[in-house]
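Labels run A, B and C following the written order; every chain starts at residue 1.
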Amino acid sequence: MNFKLTEEQELLRKTVRDFAENEIGPKAAEMDEKEDYDWSLWDKMADMGLTGIVFPEKYGGAEMDYVSYALAVEELARVDASSSVVIAAHTSLCSWPIYAFGNEEQKQRFLVPLAEGKKLGALGLTEPSAGSDAGAVKLSAVADGNDYILNGTKTFITNGGKGDIYVVVVSTDKAKKHRGTAAFVVEKGTPGFTFGKKEHKLGIRASYTYELVFENCRVPKENMLASDGDGFKVAMATLDGGRISIAAQAVGIAQGAYEQALAYSKIREQFGRPISANQGIQWMLADMHTRVEAARLLTLHSAYLRDAGEPHTKESAMAKLYAAECSMWVTVKAVQIFGGYGYSREYPVERMMRDAKITEIYEGTSEVQRIVISNSILR
Amino acid sequence: MAKGILVFAEQRDGKIKKVTYELLSAGKKIASQLGEEVSAVLVGKGVSSLAGGLGEYGADKVYVIENDALENYTTDAYANVVADLVKQNEPTAFLLGCSITGRDLAAQVAQRLNTGLLTDCINVMVENGQIVFTRPIYAGKAIINAAIPEARPVMATIRPNVLPVDEPQAGKSAEVVNVPPNIGNVRITVKDVIRQVSARPELTEADIIVSGGRGMKGPENFKLLEDLADVLGAAVGASRACVDAGWVPLSIQVGQTGKTVSPNLYIAAGISGAIQHLAGMSSSKVIVAVNKDAEANIFKSADFGVVGDLFEVLPVLTQEIKKLKA
Amino acid sequence: MKIVALVKQTFDSEAKIALEGGKIGRQGISLIMNPYDEYAVEEALKLKEKNGGEVTVVTVGPDEATEAVRQALAMGADQGILVNPGTEDIDESTVATILAKAVSSLEYDIILGGFRAIDDGSAQVAGRVAEILNLPVVNMVTKLEADGGKAVATADIEGGSAVMEVPLPAVITAQKGLNEPRYPSMKGIMQAKKKPLKKMGLGDVSLDASQVAAKVKVLNYSLPPARAAGKVIPGEPAEAAAALAKALREEAKII
């Protein structure tokens, strides 16, 4: 057993922490308020190589491990959950499936600019009537010569609208259900591919969430990842890795809220002493700290398993389930410790509480994670 | 045999800097305990007329080093002539002000004389026949007492505006000794000097400082501070947040990465009181905080606090002080 | 251009200082590269980008100070040298002597450092190094151009700033405002471990303990007395402001 981070992982953590605190922190509240992301931050993250942490150098990445990636996402989320989801969705949901399932030509064409941060990526999976049930996608792709014609919509697409490159899961043969699915790479600007409404959300308000609309959108066959019939497989494998980054995001939000509450409890005085002198507050802080630490260990363990090439479907589901619920619980407590100030936008904990909720929902709700875990242990 | 306390008499544009008097008073105090004399070294061009006046502040002897090449401070020329003088006279201690010049010169002279140097001291005393200096470290979060037991001279720079100035003794003159300079090798050429023109006192020497923070909301609002500063004869300072936002120049930043100040009165408006800011001003004698956030950390260090919007408080404060002073 | 950057590892500026056994405690303190030295490293990298050449980072400190050197390597420096003096009884003359010895074995056109460290704030090590190596020094530089045989530096002086020209090699110390240090990139972090980092002791730079004995002796450490919180003047803003003016005159007798 060795729980010590490597020298590189320590330096990465420190670097991303400094960056998040200095560059993102001062903008987080305003971006949330305006429901808009300051994309100059994206350019800075690209310069630092945060846009391609886990990919090989030959594809423009930093060739770091998933533990490093999880640490980076956590540190971003500790300051601003929206920034962490921009990176997480870009990396885990778009760049990764192209890396894992794309051919060499596709990697050169799509993965390299994604990893270098020249392009922003997104995944089109969820539909009005298909989310975690990836086999039920309705967006149809019909072969026409050397192309496919796409028709249908995708909803709640993170990085939608702003994204340049989309991995889109489609149905090529409804009768075959999930075996009749495929995954395509579609670029922004392709005729017939437009954006619907922008979602206005409870939390992660700075990140873009859009509807994708495909109307007779012609996509060449060479944009298909893996083979016809592999769409479901691509989606499932992508979600496996995605869970680690959402778990890391949840840990980061919780850590940020815990630190805010800890600091505030020491300076806020009531009845002539800091509120941290009250056992009621002390126990809350102890529980918050313990849960965050437990969530982090589950998260880093699942990242470690992935780095070791071991199965981690169950572990990453456990990490996401626990970290998300921890994040919600801890942020609610943090608002409570701040009292009235916690409910006001003067302090960041109310934003953190709103941001935390999404981690229990996207990339598989907590209920879906329980299905994954129970399927695994009852098999 | 080392003897005497030597003080660097800092002058600029023909005017002796206040820290020089502070050094002479401190020098006199320790010299009398050690049974030694206090002398000063005055360097520049056409500065000999200033030498006599140093006697009133306690200098028994003033070494004057004059040369055209010494008109503007350069590290090389000043280090050459001052190190030569110190070598010849072998004082027990050589004290300088911890100004930009004093700090720069002290390091070069200390190394040339192969001795120790204590920077930015806030007190000096004699204990068991040894000169002991007090200096803050970790931006004022800890304090050390330190000495230089063997190497001579003992060298230190003293923070301006902290040590008291004794009442000058009118008519007391100092023996003036003109020292022919050997300017030596000067490798640095000064191409241009840009003076910051301000009618207000310099931050590190000011008796009163009016300082603004993030709560000022923008550079246009510094007028409120300037108005208050004008009625008080104060300098204007700012926290790092204002400098980072580009509202005010770095030269007026107070704090760990800016200036360290010790005025009699420090008025902090819209400053939350981050530890880095406190590092630069917590040795002020009286601190006043104006902040609308009653929880702001600055109130923990303030002698007087007003919880309220600075945009309402400052204009009234300016008017009231004007009335009191009328 | 052969560029040397002198760096120091310091406590984080937000570190809480406590005494342990009469000395400054190191427990639970996170360590960083002295922020002024970050400016020096950034400027070194900029000079390299403009003029070509290589950047060598030199530090004196315990083995854990390698973290600061690795950070500089991750930012883009080419190689690092750490000299561990093997004792905590060191002062500025000790450090300058060791640094100068380590640097003298290198080729250099310019030596950069922070003008002071945020821990002891001594602002004398780089100047001493210049003196030992018989080089000119320009302190508190906010703008630097260096090529061929000279450097032109804008530096803080008493009451303003000055533009100075100095022949190379020279020592230049960085003041805040010189630049915005870059963050190490992820690739930089991965490459840093492959770059040469020499760890040495006093003997490796041909010094012995007697040559670097500290001249300054610390007699004791203490924590500053906490400032007692004063009084908050009650009332509406205008009312309180008037009361404050009165208190400053009559109670504090300061205006």
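What we mean here is this: contacts are C-beta pairs under 8 Å (C-beta built on N, C-alpha and C of every residue); 3 or more make two chains touch, one makes a residue touch a chain.
All of these numbers come straight from a predicted model, not from anything done at the bench.
Relative to the centroid of every protein C-alpha atom displayed, which chain's own C-alpha centroid is closest?
Checking distances from each chain centre to the full centroid gives C.
Among all chains, whose Cα centre is located farthest from the one for subunit C?
Between subunit C and the rest, the longest centre separation is with A.
Which of the chain pairs holds the record for C-beta pairs in contact?
Contact tally peaks for the chain pair B-C.
Any idea how many Å lie between the Cα centroids of subunit A and subunit B?
53
So, what's the distance in Å between the C-alpha centres of subunit C and subunit A?
From the centre of subunit A to the centre of subunit C is 39 Å.
At what distance in angstrom does the C-alpha mean of subunit C lie from that of subunit B?
The computed centroid separation for subunit B versus subunit C comes out at 21 Å.
For a test of understanding, state which residues of subunit A touch subunit B in their complex under the given definition.
Within the complex, subunit A touches subunit B at residues 267-268.
Where on subunit B is subunit C touching in the complex?
For subunit B paired with subunit C, touching residues are 12, 72-76, 99-101, 103-104, 106-108, 110-112, 114-120, 132, 136-151, 187-196, 202, 208, 232, 250-251, 256-258, 264-265, 275-276, 282, 285-288, 294, 299-309, 312-314, 316-317, 320-321, 323-325.
For subunit C, which residues count as touching subunit A in their complex?
32, 67, 70-71, 74, 183-190, 192-193
Provide the residue numbers of subunit A that touch subunit C in the complex, in ascending order.
It is residues 7-8, 10-12, 14-15, 18-19, 47-50, 52-53, 57, 62-64, 68 of subunit A that touch subunit C.
What residues of subunit C sit close enough to touch subunit B in their complex?
Going through subunit C, the ones touching subunit B are 11, 13-17, 19, 24, 35, 91-93, 96, 118-124, 127-128, 130-132, 136-140, 142, 152, 156-167, 170, 176-177, 214-224, 227, 229-233, 236-238, 240-242, 244-249, 252, 254-255.
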